[in-house]
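Structures for review follow.
In the two complexes that follow, chain A is the common piece, with chain B as its partner first and chain C second.
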Partner chain A sequence: MTTEPADPPVDVATEPPASDHTDVPLAVDTVTDVAPELGSPEVLSSAAHGFPWVRAAAWVVVFAVLIILPFTMAEFRVEQMCGWIALAIAACGLNILTGYNGQISVGHGALYGVGAYTTALIVTNWQWPLLLATVASAVVCFVTGLLIGLPALRIKGLYLALVTLAVATLFPLAIDQFASFTGGSSGLSLTSPEMYRGAIRDRPVRFDPPGGLASDQWKYFIFLAIAALCFLLSRNLIRSRVGRTLVAIRDNDTASEVSGIPVSRVKIIAFGVSAGLAGIGGSIFALNSGRVNPSSFTIAVSIYFLIAVVVGGAASIVGPAIGAVFYGVFIDIITPELPESLKPATPVILGVILILLMLVAPGGIVGLWKVSMHKLAVRRARSSAPVT
Partner chain B sequence: MNTTVKRLSVVLIALTLVAAACGGRDDDSSSSDDGGSDSGGESASGAFINPDQDCTDYKGTQGITGDTIKVGTIRPASGPYAIYDQVTAGLDAYFKSVNTAGGVKAGDGKTYKIELVKGDDGYDPARTPAVAKQLVEQDQVFALVGNIGTEPSLAIRDYMNDNCVPNVSLGTGSPLWGDANAYPWYISALPSYALEAKVWVDYIEKTNPDAKIAILYQSDDFGESYQKAITKAIEGTDITMVAEQSFNPLGGTTTEAAVTQLSQSGADVFIVGIGGTPCPNTLKFMPESWKPMTFISITCAGKTALSLAGGKDQGVYAAQTTYDPSDPADQSNPKVVEFVQQASAAGLDQNQIQGGISSAGWGFGANFATALGQTETVDRAGLMNALFSLDVPAFGLLRDDVTIKTDGAEDPWGIESLRVVQREGQGWVEKEKMVDYNGQSNSFKGE
Partner chain C sequence: MTDFLQVLAVGIGDGAIYAMLGLGLVVVFRTTGLLNFAAGELAMFSTFIVWTIWDLGVPLLLAMLGGMVGGFLIGVLLQAVAVRPVGDPHERPLAVVIVTIGLFIGVNGLAQLVWGTLDKDLPPLFGVDTVSIFGVDVAWQKIGAVVVLAILAFVFYLLFQKTKLGLAMRAVASNSESAGLVGIPVPTVLMLGWGLAAAIGTVAGVFTAPGRGLGSNMMQLTLIFGFAAITLGGFDSLIGAVVGGFIIGIFSSVVPQYVPGFEKMPLAPAFLLILAVLLIRPTGLFGRKQVSRV
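Right, the complex of A and B next:
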């Protein structure tokens, strides 16, 4: 479990020469993140100054931006950001499974789809309250995740990736197959009967905003709150006993088994929780776009989740959110502005950016942040340390 | 650590309150929202659309600045359906042509230039909404004109309708667009696919009353509307449907396996409810031993598409409503001569002019301009009301014996005259005279 022990702060302060730890990229892939209390950067800075000002300031800025943004953007931009929120939640789910538990899934696009279709069907056919449909989607996906997780007990690594790949590939086909209630490749609209032009007709569902807010702003805040809740719960889960067993299994499942961890149970539950989050993401996707369509849930979507996780920083809680924003900005804001001749090369451009990013920051954006914070702390500690 | 969380949350709550207090949206021009929605009912007596009643946030003149009307269009510029980019080229050429000639004279007596903004969705309905929203909200277009694709158009129908933005001259003839009471901001510039199917079946019944049909159709609303309408049209006849295969246009495969299978069915009629390049490819995949009467979609019946069929287009049947600029028989027709001259002046090359796809886009533009000329008030509702009460002679490249009549939800289809033709050489031979089905298109829609 402790392959790369965290250095006690004392070390840094008393050891001036640039030894290995300045160079060691604090790969987020270590225990450090599971128990940040022990990790060097935070402890260093807070030990020195009592309160992690940089971190706190960063959070305040991030939240301020998140709250102010929808008031300055056009409606379709706000809806795009709602899409990023959906992506972030699903990526957070994938991260619990892949980042913390070491199980690779390329099938989360399908679970995202299950969540979206569950919400669409419930809302349109039974007129449930919208957020109740989100809860139902989470439950349905949790159960689906448990089922998909069953093979994960026997296989891992590449083989598990292949099984989940099959799930991702099959999902759009299954939607086509059961076209009578899924709408097939025409998709489904989220509607409710309403009076319109002299008759009761199916009209698109919407969130009724309280005074002063536009409908898109209101739904953005609702989705943001759901996302905050999901991330908070994930953080608590990861920092709990269960979280530690997840990481222990990832790092060495035989040793975990020997230490008395119920490996199979934990693995299955990791799959379920992860799928449940993907379902919430999918549900938000459906509520946001008002329409679900099998081509929104192809294998490519599963890859986007992986991109979000890896770019943001696997095995860090906020990483997937950062990765989702990175991906969203690239696809929704940068791509449409590219000159017409470059547009077909969009995947290549994304690929090159990913390669460069992985070269510079193998731990993702969060990893990069941690490394630089660490260096900063070391420099500070060094300059304040008495010369011996 | 707990105090940190507390301090943070206090700051955040304060921020939220401040933000909520500011309220609204900075850039919102909040145009004509003040009109009471209950006051309506009397204005524009008898008009099909009354924005006071039907819209919550009506921006009737968005996209009209001075003497320019900005419109948008969405088409696939990439992927297997990218040949429809030529529709947009034709639409663009039409607007360039009228702009050069001074502009379109609208119902208010003013003359407007038309500016076209293009969006690309790759024929993927999952991508269309973002493109449409960007055109409407960022580019601030007046309307969408000449959009391609049934599924893409369906994917944005709620959005367009809810925001009272016209989506007109649709480059799709899905029977879905016949529900004008529920979706009054949509109107097509093609004949209904259901009417097309009806015309085929009538011809089949006349020439081969015991026909056995094999159908290949796109597994979406476009393809299924043919399949359903044919199923309905053969009810009560001795014609039977002996084999069906569907094809997923986004699946990344070809129709080869499906065609091979259908060729074994013993059918003597083959219906190809497929668009884009997969349509001519389907003809190419037909084995030499299978010689059914083959019918192709109106969206495929032009030189550009059929030249890809490797000679297998000879003898195929189609329903036709326009002149074909590549058909030797139509070369001297004044409409074709005029089109060739104006289109080349507007920058279309010889292939586009002859291809039969750009000329369709040219017609979509003409449809929009014609309606604009009939408007009582030049705004979004005015445009729709004009489109839903058209009674004009054939415009664009429509054949002279076509008449354009619409009447609200009773008759939401403009083009309802079709003749049956058979491919011979570079042109078409008339097999059945033009029949006008005015007001009947909706009744042919299958279930």
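Right, the complex of A and C next:
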């Protein structure tokens, strides 16, 4: 439900007339076969004909729910949802790199960690305004991403996955190694000094809410706004010329190079942007939880991002957000209900879901949605077509 | 000097373990062309099977053989059910990576589900005694690891070079389509490749467990070292896995000891090696160059 004209009749209008005896089944095949690997080439589609009322209404409903939710929930739930927002932004970044550009990263957890630590260090040591620290995290991670993107030019596919996996494994160890300023395995708290009864003490950082809002709700709205901005910018990027070259490189880098696309530059930029978004996600994670420590940035985190991207739908803009909510509901709401001895069942179920998705629906939830919408459209076209 | 030899001995012992896991990774790469990110978790799982059998009172060596059989069956099963249906790793790398990562977290969770989250104790296969060589105390366990690796490597060599099955495996590795056309049962061979890899992984797990404690995350570092070993040696070379394993083992034991800034990061030198090899000589020391037609 992102960028494609979702109105079924519009899609049908672009197909050859259904009255032709062979065309309808063909249309179904082309729809399900569009993905070269994952996701679909929906980027290239143009704006919808006429105003998409259904889509606009859907967005209004989604935003209304997102805004009402924090008023109906306990504080700890709102905090959990803030965590989902961080995950969604990072997954959005990973999606640009892996979903659209085809460079597989199993190491975005490390970039997320770099973002989180950057924010924690800046806020605690220099007392910058919190959101400025988020911007700084984005910049630091963007530059880190450019640097990682350089060797990635020569390392492709499975091998890139291997190198990034090693980065993800290395990150917590590096935090431990440089304990003198990262706090080592005990981590860092995000604090700022304040005067309290004549003495200076450190208090945990927080966003001071305007009247009427609780601190957690205000925090949630700030993060939600940042996320909306990130997703909007990603959507525009993907629809731009750069976005099209990203997809072209994923589908065939040799052909892209021959067509005059500066493949190396685009791939490096993709890495930078992707890393920058992961950094913003990490920064939000740090601001939300108020502390960072290496055990929050293990290899598992990189895997969560991949899960969010793949379950939601690689190479679709809202896919990672849907995947992040799916993952959040699964981990924060369903798992705690399980009896203690059955809790490890969660990763087992996630693993099985991942494998099944790859076998049955590589486009994830968004892909399933699209395929079913197209099928619906074809059926409608069939029933309304004049019988010859 | 004695200190250095001591560190070297530790590195060689660890290197033997990395080489064992590396052999399994090479077998999977040669037959199916994929990097198996779940190899460590499979090894961990079958090591738990070894522990269960040993816990029943069976001698550890027999228990290990039992675990190898178990690992073999699990490997065969997972290849058939999860890995093969996804398709060619070089055409759909992301899908294959996702599936092996699905196996990674799935098998990890399953081990916790079955055996709980507390570490188990598995005794060293060769006991806790040490022997003095050139004034250096070397644990029999380390020497045992090298000997077992030598045996495994020799068996693999015989299997690949001297048996019909090995010939079939090499044929499938070099061109699975043509191999299928001349009557080699390609799917079975691929399944056997995974089974063999899982079986040898069990041995790596049995040697890793006593030092690190038998828990569901024990093989994750070892896996990266194993990958470093085969990257250095060449992804498709058995001898490369062995040589690479020793080099990585020695490197990651010596560097943190003598180079400041690496004390808590034995993985860092291995990582730098992976990166350098992939950038400068992607085929590794012994690997063959992959040529693809465009």
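Assorted remarks:
Rule of thumb we're sticking to: the second predicted complex is superposed on the first by the 323 of 388 C-alpha atoms of A that agree within 3 Å, B and C clash if a C-alpha of one lies under 4 Å from a C-alpha of the other, contacts with A are read in each partner's own complex, and residues count from 1 in each chain.
The criterion applied here is as follows: contacts are C-beta pairs under 8 Å (C-beta built on N, C-alpha and C of every residue); 3 or more make two chains touch, one makes a residue touch a chain.
Keep in mind that what you see is a predicted model, and the values were worked out from it rather than measured.
In the superposed model, A:75 makes contact with chain B only, not with chain C.
Touch criterion met: A:212 reaches chain B, while chain C stays clear of it. Within the superposed three-chain model, A:192 lies out of touch with both chain B and chain C [touch as defined at top]. Of the two partner chains, both chain B and chain C are touched by A:176. After overlaying the two complexes on the shared chain, residue contacts for A:67 are found with chain B alone; chain C is out of touch. When both complexes are overlaid on chain A, the residue A:240 reaches neither chain B nor chain C. By the document's definition of touching, both partners, chain B and chain C, reach A:344. By the touch criterion defined above, A:127 reaches neither chain B nor chain C. Shared contact residues on chain A (touching chain B in one structure, chain C in the other): 176, 344. Contact residues on chain A toward chain C in their complex (touch as defined above): 37-38, 98, 102, 104, 106, 151, 154-155, 157-159, 161-163, 165-167, 169-170, 173-174, 176-177, 254, 299-300, 303, 306, 310, 314, 341-342, 344-348, 350-355, 357-359, 362. If you check the complex, the residues on chain B that touch chain A are 4, 7-8, 11-12, 15-16, 19-20, 22-28, 53-54, 77-78, 120, 124-126, 129-130, 133-134, 136-138, 151, 154-155, 158-159, 162, 181-182, 184, 219-221, 224, 248, 250. If you check the complex, the residues on chain C that touch chain A are 34-35, 37, 82, 85-86, 89-99, 101-110, 112-113, 117, 220-221, 224, 227-228, 231, 261-265, 267-268, 270-271, 274-275, 278-279, 282, 294. Chain A contributes residues 51-52, 56, 59-60, 63-64, 67-68, 71-72, 74-76, 79-80, 176, 179, 184-187, 189, 191, 196-199, 201-204, 211-214, 217, 289-291, 293, 295-296, 332, 336, 340, 343-344 to its touches with chain B in the complex.
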